[in-house]
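In the two complexes below, chain A is the common chain; its partner is chain B in one and chain C in the other.
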Partner chain A sequence: MTAAAMSLGYRRARAVRVAWLASAGRLLRIELRRNAMIWLLPVLGALFWFDAYRTAMSYPAVWDLRASVLPAKVVIDFAALVAGASAWMGARETRCRTCGLVTTTPQPGWTRRSATLAATLTWVIVAYLACVALLYAATAVQVTWGGPPWWPVAVGAAALAAVCTIGFAAGTFFASRFTPLLTAVAVFVLEVVGFRSAVGAFGGYRLLSPAGSAPGQDAGLFYPYLPDLAIAQAMFFTGLAVAAVSALGLSRAAGGGARLRVAAAAAGLAGLVAAGVSTGLVGTARVGPNGVVIAALHDAGSDQPLRYAPVCADATGVPVCIHPAFRSYLPKVTAALGPVISLVAGLPGAPVRVSEVATSLVASTNQQADVAGTPPVYRFAMPPTPGSFVQIAGENFTQSLQIAFVTTVIGGSAPSANGPETGNLAQQVVETVLLRRVGLTDGTLNPPTNAAAVAAIRRFAALPAATRHAWLAAHVPALRAGQITLAELP
Partner chain B sequence: MNVEITGVTRRFGRNQAVAGVDLETGPGVFGLLGPNGAGKTTLLRMMATVISPSSGRMRLLGRDPGGYGPRREIRRRLGYLPQSLGYYPGFTVAEFVEYFALLKEMPPARIPGAVAAAVERVDLGRKARVKLRTLSGGMLRRVGIAQAIVNEPELLLLDEPTAGLDPEQRVAFRALLRDLGQRATVIVSTHLVEDVGAACTEVALMDAGKIVFHGTPAELTARGEGHGAAGDAPLERGYSAVLAEARS
Partner chain C sequence: MTAVGVQRPAAGATSGAVPSFPSPGRMAAGVRLVWLYLASRRVPVALAALAAFGTALRAGLEWHWIGAAGPGVRQLPSLLEAGAASVIAVVAYSPFGEPERATGRWLPWLRLGTAAALTGAAVGVLAAGAAAAHLPGGTLAIGRNVAGATGIGLLTAAVTGSALAWIGPMAYTVVAGFALLSNWTTPWIWPGTPPHDRGAAISAGLVFAVGMVVITVRGARDSAAGDGGDGPG
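On to the complex of A and B.
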C-alpha cells in the first residue's frame, strides 16, 4: 500500500470518527434536555439539604467526618428516586410505543439506550457532584487542618451509577407503568433491609453498603484515611454498573450483531467478577483502630501516623494541646478543663500537661483518657464518631471532659459513660464532691446512693477546701490505688 | 427494482397474516389497498424490517434484510411511518425529527438543514419548537411523516399516512407523495381509495393475506365498470368488484 493510500485511509477513518462523535454529541444533547431526571433535581436538592447537609454541618469541621455523609446519607437518600427515574427512562420506548419505529433505524437498540442511559446518569452524577461541591465548599471555609478526601466521593458516585444503571435495565427488560415504582421500592427495601439487616446478619458483608462507610475514629486526623473499604465498595458498585450496562447489550432488542454481544458478554462477566471479588474481599475485612482493614488491599504506609503540630493554650497554668483539626474547640476545651485542673493542682500525679491523642493510644483499656509519663500528662481522645461527636456542640461536651479528667486523675480510670460510677465507693465519693464544686449536678453525675456513701459525700463536702486539698495531697496515691475505704474518708 | 418480494408469508401463531405475497416495484408511488385485517400493515412491517418473514424471499434496495450488515444499509435508506405513531411527548417537533435523523445515521453536517426541510415540507415550520404533547392528532401525523422523510429515503413506507389529516392537508400530502415518488419507492398502505387515485402510479389490493389485484389505478377502475351503486367513486367500485371476485 502506498503512503498516499494510507494517508487517504487515515483521513477517512478520522472523518468517520469525527462524524460519529458529532452524532453522539447531538443525540446526547437531546437526551439531556428531555430527560425525566431533570424533574427530580429539585427533589434531590431538597433531600440533600434536609438530611445530608444538615447532618454534616452538625459534625465538627473535620474533612473525613463531613465526607462520611456522602455515601452514608446522600446515596441512601437518592438511591430509590434515582432507580425509579432511571427505570422510567429505560421503559421509555415501550411506554411511548416507539419500539416499532426506532427498530427501523440503523442504530442498534443498544446505542439508543446507551444515549438515554448516559444522559440519565449524567444528570445523576451532576446532581451528586453539585452536592459534593456545596458540602466541600462549606467545609473548606470552616476546617483548620487537612484536605478533602476523595474516596467517599468515588464510592458515592459508583453506588449511584450502579443504582441508575440497574434501574434503567429493570425499566428496559420489565417495561410497564408499574416498573419505576416497583424498582424504587425494591431499591429502598434493599437499602434498609438488605444491607443494614439481612446481609449484616451474615457478617461483614454489610460493609458493602454505602451506609457502612463511617471512617475510623482517628482516620484523617492522627492516621491517614484508610481506603481499603472504599476501594472494595467502589469496585463492587462499578462491577454492578458494568454488568447492568452489559445486560442491555445482550438482550435481543439490543441489535448490534455478534460482535456487540461478545463484547457485552465479556464486559458483563468482568463486571460480575469485579463485584464478586469485592464481595469476597469485604468478607475478609476486620475493623482496625484506624478504620476497616482489608488485607489484600491494605497499604502498610497507611498505618504510619500523620505529622501535625498541635495547637495549645493555657488552662490555669497547665498547657492544653489538641489536634489542629479541632483548633476552633480549643477555647471550649481549656474553659472546661481549667476549673478541674485547679482542683487537683499540687496533688501527687496531677498532670502538668493535657494532650489530645489518637483514640488508639488511650483505648487499650477501653477508655477515652489516661494519665501517662513522667512528669504526668493527661491524655484524652475526642469522641470523633458521628453519633457521639454531636456532644461537642452541646453542654455535654464540657461536662464529659470534666468528668473524664477528674475520674482519671482521682480514680485512675475514665468512666465509660457520664458520671463517676466506676471505681470503688471512696473514689466515687471524692469524684462526686470535686465535680459538684465545678458546678455539675447529681443529674449529670449519677453519684452513689447507698446511705454510707451519701453520708461520706456530705462529710467530705463539708470540709474546708484547704483541709480537703491537704487530705487529698496526702492520700491520693492510695485513693487512686483503691486502698482507701469509705470509713477512712474524713 | 427497489422492492422484490417472492412467496413471503408471515404467521402469528396459528394466524397467517401474510400468505404468499409476490411483489416487485421500483421508483414511484405504490398504493397498498385492502380491508381491515387484509395483511397490509404486516407486509409493510416486514418491508420496514421491523419483523422478518416466516418464509419467502425478500430483497429491499437490492439487499437481503436477513443479514445484519445489509439490514443496517437498508435502514439508512428507509423511511417508515407506522399506523400508530409512538412519540416522546417532551420532545419538540424539531428534536423528534432530529432524533430520527441521528438514528438514521445521517451525516451530522446535513442534519440541521434536513430537519428544517422535512418540518417545512409537512407545513410544521412554525411549530418546530413546540412540544409534541401539545399537538393535535393531525399534526402528530405530520410529525411522523417528517421523521420518515428526513433522510430523503429511497424506500418510504407509509401506513395510513392521511388518517387524521384535514382535507387541505391531505391534498398537500398527496402532492408531497407525488414529489417523493419521483426519486424513491413510496409504498402507501391505506383504505382510502381517493388517496390512491390521486397520488399512486401503481396499486395492489390485498385480502386475507394475499394480493388479489396488482395494476394501475386506471386498471382497478376498469375492473369496477358495471358494478356498485351510482354514488360510489369509480375506484371504490373497482375495489369492491375485485374483493367480491376474490372472495367468490
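On to the complex of A and C.
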C-alpha cells in the first residue's frame, strides 16, 4: 500500500467518524428538544425551592451541612418523578406505535434508545447541577470558613442517573400507560422505607440510602469530611445505572448484533459487580465520632483534626471562643452566655474561658458541654442554631446555651434530651433560681414540683443576690459533688 | 369501540313509543357500551394496580414499614393513596380522541361514573389492606386523602394529559412529606391532619369535586390517539 492510499484511507475513516458524530449530535439535539423531562423541570425547580433549598438555608452557613441536602433532599424529592418521566420516555416507541416504522431506519434500536436516554439523562443532570449551583452560590456568600464539598454532588448525580436509567429500562421493557406511575410509586416506596430505616439508625446496608448520610452539625469543621460512605454510595448507584443501560443493549429490540450483546453483557456484569462490592463494603461500615468509616476506603489522614483559628469575644472578662465557621453567631453566643457567666463569676471552679469544641468531644459522656482543665475551661458543642430545622422542644438557641452552661457549672453535667434540669434536687433548685434570674420561665425549665423543692426554690430565690452568691462561693464544690441536701439550702 | 350500537334503535323497540323502562335490547347495548368504555380505559388493569397498592399497604403494616407514632408515620400511607389516585387519573386517557367526543353523548357520564367508581374502589381496597391493623388515621383518613389526591390527579390530567397525570399527586406527596416532617397543620395538607379535621375534609372534598367536574365536562387533555396510551396488544 502506498502512502497516498494510506492517506486516502485515513481521510475516509476520519470523514466517516465526523459524519457519525454529526449524526449522533443531531439525533441528540432532536431528542433534547422533544423530551418529556423539559415539562418536569418547573415541577422539579418548585420542589427544590420548597424543600431542599429552604431546609439548607435554615442550617448554619457551613459547607458540609448545607451540601448534605443534595443526597438527602434533592435526590429524595426528584427520584420518583425522574423515574416516572424516564419510563415515559423509554416507552415512547411502543406507546406511539412506531416500532415497525423505526425498525426500518438505518440506525439500530440501540442507537435510537441511547439517544433518547442520553437526552433524558442530560436534562436530569442539568436540572440537578442547576440546583447545586444555586445552593452553592447562596452558601458561598454566607460562609466564613471552608470550601464546597463535591462528594455529596457526585452521590446525588449517580443516584439520579441510576433511577433515570432504571426507569427508562422499565418503560422500554414494560410499555404501558401504568408503567411510569408504577415506576414512580415503586421508587418512592423504596425511598420512604429506606428513609425510615436510615434515619436514626447507623451501620448496615441501610446506609446505601442517600438519606442515610446526613452529617452532624459540626461535620467538616473540626475533622475533614469523611468520603468513605459517599464513595461506596456513588459506586453502588453508578453500578446500577450501568447495569440498567446494559439491559437495554441485551434486548432483542436493540438490534446491534452479537458484538453489542457481548459488550452489553460485560458492562452489565461489571455494573452488578460494582454494586455488589459497594454493598459489601457498606456492610463493613462503622460509625466513628466524625462520620461513617469504611476500612477498605478509609484514608487515615482524614482522622487528623483540622487546624483553625477560633474567633473570640471578651465582653464579660471571660473569653468566649467559637469555630470561625460560626463567626456570624459570635454576638448571639456572647449575648446569651454573658448573663450566666456574670452569675457564677468568682465561684470556685467557675470557667475562665469558654470554648466551642466538636460534638464528639463532649458527646462521649452524652452531654452537650463539660468543664475541663486547670484553670477550668467550659467546653460546649454548638446547639441547633437559630432557624435550624432541628430544635430542642421549648428551647431556643439562647436558652439552650444558658441552660447548658448553668447546669454544667452548678450540677456538673449538661442537660440531657429529656429535660433541662439535671442532678439531685438541691442542684435543680439552685439551677432553677439562677436560670430564672436570667429570664427563663418554668415552661422552659421544668423545675421540680414536690413541695419541699418548691419551698426551697422560694426560699433560695428570696435571698439577696450578694448573700446567695456568698453561699454559693462557700458551697458550690459540695453542691457540684451532690453532697448538699434540700434542707441544707439557705 | 364505536357508538353505533347505542345510536341504533334497539331491537324490539316500538318506533315512536317511549318505554317506561329500558328494554332488554337497550339494556344490553348500555352494558356493552359501559364494558367497551371500561376496556378501552384499561380499567381491569387499573383494578389490579389498585389491588397491588392495597397489598403494599398491608405489607407495610405487617412488616412495620409504617411506624406507630411520629411525624413520618403517614408518609407511606399517603404515598400509596396518591399512587391509587394516580391510577384513577391515568385511566382517564382516551385512545380515540376527537371521534369519540363527537359521537358519544354518554361520554361525560361514563367519565364521571368511572372516576367515581374507581375512587370508591381505591378507598375500599386500601381500607381492606389496612383491615385488622392499626393504620394511623383509619379508614376516614384514607377516604379523605384518596379523594383529595384523585382531585389533584384529575385536574393534572385536564392540564397535562392523563398519561402524565401522576405527576400531580406525586409532587403533592413530596410536598406533603415535607409538611408531615415539619408538623405543618394547614388544611390543604390532608395527610398531616387528624381524620376528623373539618377544614382538611372540606379542602380535600373541594379539590375532588372540582377535579370530577372538570374531567366530566372536558375530559383529559389527550391530544391524539397514540400519544399516551398503551402499545399494541
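The rule we apply is simple: the second predicted complex is superposed on the first by the 450 of 490 C-alpha atoms of A that agree within 3 Å, B and C clash if a C-alpha of one lies under 4 Å from a C-alpha of the other, contacts with A are read in each partner's own complex, and residues count from 1 in each chain.
By our rule, a residue touches a chain if its C-beta (ideal position, glycine included) is under 8 Å from a C-beta of that chain, and two chains touch if they have at least 3 such contacts.
Computed from a predicted structure; not experimentally measured.
*Asks:* Should the pairing of chain B and chain C on chain A count as a clash or a fit in the superposition?
*Replies:* These partners fit in the superposed model.
*Asks:* Quick check on the superposed pair: does A:51 touch chain B, chain C, both, or neither? Answer first, second, both or neither.
*Replies:* The answer is second: A:51 touches chain C but not chain B.
*Asks:* Identify the partner contact of A:453: answer first if only chain B is touched, second if only chain C is, both if each is, neither if none is.
*Replies:* A:453 sits against neither chain B nor chain C.
*Asks:* With the two complexes superposed on chain A, say which partner A:257 touches: chain B (first), chain C (second), both, or neither.
*Replies:* first
*Asks:* Count the residues of chain A touched by chain B and by chain C, then name the partner with the higher count.
*Replies:* Tallying touched residues of chain A, the top partner is C.
*Asks:* Could you look at A:22 and tell me whether it touches chain B, chain C, both or neither (first, second, both, neither)?
*Replies:* first
*Asks:* Now for A:80: first (chain B), second (chain C), both, or neither, which partner does it touch?
*Replies:* Only chain C; A:80 stays clear of chain B.
*Asks:* Touch check for A:40: first (chain B), second (chain C), both, or neither?
*Replies:* So A:40 only meets chain C here.
*Asks:* How wide is the angle at chain A between chain B and chain C, using CA centres, rounded to the nearest 10°?
*Replies:* Computed from the C-alpha centres, it is 50 degrees.
*Asks:* Tell me the contact category for A:188 with respect to chain B and chain C: first, second, both or neither.
*Replies:* A:188 contacts chain C only, not chain B.
*Asks:* Which holds for A:170: it touches chain B only (first), chain C only (second), both, or neither?
*Replies:* A:170: touches no partner chain.
*Asks:* Pick out the closest CA atoms of chain B and chain C after fitting on chain A and give their distance in Å.
*Replies:* 7
*Asks:* Which chain A residues lie in the overlap of the chain B contact set and the chain C contact set?
*Replies:* 96-97, 99
*Asks:* Within their complex, state which residues of chain C touch chain A.
*Replies:* 42, 45-46, 49, 53, 56, 60, 65, 67, 72, 75-76, 79-80, 82-83, 86-87, 90, 93, 160, 162-164, 166-167, 170-171, 173-175, 177-178, 182, 226-232
*Asks:* Which bits of chain B are touching chain A when the two form their complex?
*Replies:* Listed in rising order, the residues of chain B that touch chain A are 45, 48-50, 68-69, 72-73, 75-76, 78, 80, 82, 84-91, 95, 98-100, 102-105, 107-109, 111, 147.
*Asks:* How about chain A: which of its residues touch chain C in the complex?
*Replies:* So the residues of chain A touching chain C come out as 36, 39-40, 43, 46-47, 50-51, 77, 80-81, 84-85, 88, 91, 94-97, 99, 175-178, 180-182, 184-185, 188-189, 192-193, 195-196, 199, 389.
*Asks:* What residues on chain A touch chain B, complex-wise?
*Replies:* Chain A reaches chain B through residues 19, 22-23, 26-27, 30, 33-34, 92-93, 96-107, 112, 257-258.
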